[in-house]
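Multiple structures follow.
First chain A sits with chain B, and in the next complex the same chain sits with chain C.
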Partner chain A sequence: MFVILVYDVNEKRVAKALKTCRKYLYWVQNSVFEGELSEANYKKLKFELEKIINKEEDSVIFYTFRSMRYSERESMGLKKGGDVNFL
Partner chain B sequence: MKRSFYIMSDGEIKRKDNTFVFENDSGKKYIPIEELNDIYVFGELTLNKRFLEYASQKEVPVHFFNHYGYYIGSFYPREHLNSGYMILKQAEHYLDSTKRLFLARQFVAGSAQNILHVLKYYINRDKEMLNDTYYAIEELMGRLEGCTEVSQLMAIEGNIRDLYYKAFDLILENPDFSFEKRTRRPPQNYINTMISFGNSIIYTIVLSEIYKTHLDPRIGYLHSTNFRRFTLNLDVSEIFKPIIVDRMILTLIGKKMITKSDFDKNANGIIMKDKGKQLILQEIDKKMGVTIKHRELGREVSYRTIVRMELYKLEKHLMGEKEFKPFQSKW
Partner chain C sequence: MFVILVYDVNEKRVAKALKTCRKYLYWVQNSVFEGELSEANYKKLKFELEKIINKEEDSVIFYTFRSMRYSERESMGLKKGGDVNFL
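This part shows the complex of A and B:
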């Protein structure tokens, strides 16, 4: 499935959250990640993040899509990051 | 589906924060390890043991290619699916000449079937002159049953490919990309260069998939097992070459996506420029992700999965559960 993840995490924990997300998803811009995940890896990611964040202060939101067929992606301005597999 | 990464530029790869980071002058790029299938290295890459250790732990094979795009070798992590039973079964089917012949014939037949399928596509698009080739190949296929020796199968396979590659000229009608004859190491014209490069990619794709099964890539059936290299991936690739590599070539040339300027004339052969390599890799990578409806499973599966299912079928055959039948393209 395709996942878009956005987070707002307190500075104290944000580095940890960032590192966790990098293992699974492509960094798009500050606090935003996206990428294709398997069902299992999606659960793993959620589980790992759950352990990092403080539920009182932080917020993480996942948008999931079964396929990208009916979606469109437009962007303005700089391309900061995103999914690339040719380096 | 896990993705493949292709490193075309020069730089350094490292383990960092429990994932990989690729770094060069243009910046850092993190590679999501959990969704990483394998890595193909074309550029000058600096790496260390820590990287290899982590690749091994995460079961990610790393394939290396030299400056000319030739396959050098792979970092094939320690076998994580170690099955003595499967190795014995594989060896048993290799040593018993009737069993070996059966499998070898299946690979050749599968390859030929898919070749016919590619030709059919063009025949249906007003390339009637291909009919002769089509029937000639069909005729050769009929002789497969009578073969009593793997070398005879190999010979027929060679003849089929000969006829088939000659048909490329009729399909493409592009004088820049005429086939003439098959040349390798190094290839002498553009189309041969593309075939060689595409084939070496498909070999490594299949190798990556073999890694996920219990099979041992060192024991092949059509290609005889030797002291030098993996051979099972060569066998299985035969089935997929026509539908993945050859179609890719015909598309790229047909749509004029690749031109003479993507190649370099070298002292004794023709090699591809980086842009050409990338074009081919992109096209194959895209193809591996394309999904088709599988008739038995009744759901959509990607070509990469189909390659792996081919290996599972082989495992089943070796264990005596179900006879191996090569994948036949219907699309």
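This part shows the complex of A and C:
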């Protein structure tokens, strides 16, 4: 499946969350990651993040796509991620 | 088209950016918005955001989907947006 992950994690925990997300996905911008994942790795990623984040303070959204990627990604302003060189 | 927008905007400008994004899209979490937009409104949104953000400091990503929505959205932790009641 193709996954887009967006997080909003307190700076105390963000380094750990970043490291975990980068194990599974490409870092495309400050708080945005994406990539192709197996069902098993998607579960692992969620399991690991659940141990890192504080559910009262942080949030993570996962968009999952069964068989396609997005049609287009446009960005405006700073490129802060940088695992993928796009555009 | 269906649009997912993620921003990372300095707090000096974030109230304006939020207001603009909410004119066009649903606010689903802190820095994430989504919704169905016409090509004309997508252009308007980008035009308005370009006037608000500082391209040296802020970033915005737009994922656009021609004919489908995502298959699934899962979230973990806080729900900070709240225009849409999901799950």
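The definition used in the following text is that the second predicted complex is superposed on the first by the 68 of 87 C-alpha atoms of A that agree within 3 Å, B and C clash if a C-alpha of one lies under 4 Å from a C-alpha of the other, contacts with A are read in each partner's own complex, and residues count from 1 in each chain.
One rule holds in what follows: contacts are C-beta pairs under 8 Å (C-beta built on N, C-alpha and C of every residue); 3 or more make two chains touch, one makes a residue touch a chain.
Treat the numbers as computed from the prediction; the structure is a model and nothing was measured.
**Q** Which of the two partners, first being chain B and second being chain C, lies in contact with A:Lys55: first, second, both, or neither?
**A** So A:Lys55 only meets chain C here.
**Q** Once chain A of both complexes is superposed, is A:Lys44 in touch with chain B (first), chain C (second), both, or neither?
**A** first
**Q** More chain A residues touched by chain B or by chain C?
**A** C
**Q** Touching A:Gly77 in the superposition: chain B (first), chain C (second), both, neither?
**A** In the superposition, A:Gly77 contacts chain C only.
**Q** Report for A:Arg22: first if it touches chain B alone, second if chain C alone, otherwise both or neither.
**A** After superposition on chain A, A:Arg22 lies in contact with chain B alone.
**Q** Please indicate which partner A:Thr64 is in contact with in the superposed arrangement: first for chain B, second for chain C, both, or neither.
**A** second
**Q** Could you tell me which stretches of chain A are touched by chain B in one complex and by chain C in the other?
**A** Touching chain B in the first complex and chain C in the second, no residue of chain A appears in both lists.
**Q** Mind listing the chain A positions that touch chain B in their complex?
**A** Going through chain A, the ones touching chain B are 19, 22-27, 35-38, 41, 44-45, 84-87.
**Q** In the complex, go through chain C and note every residue touching chain A.
**A** On the chain C side, the touching residues are 1, 4, 6, 8, 28-32, 46, 49-50, 53-66, 68, 70-80.
**Q** Enumerate the contact residues on chain B facing chain A in the complex.
**A** Contacts found on chain B: 1-9, 11, 17-19, 22, 29-30, 32-35, 43, 278, 281-282, 285.
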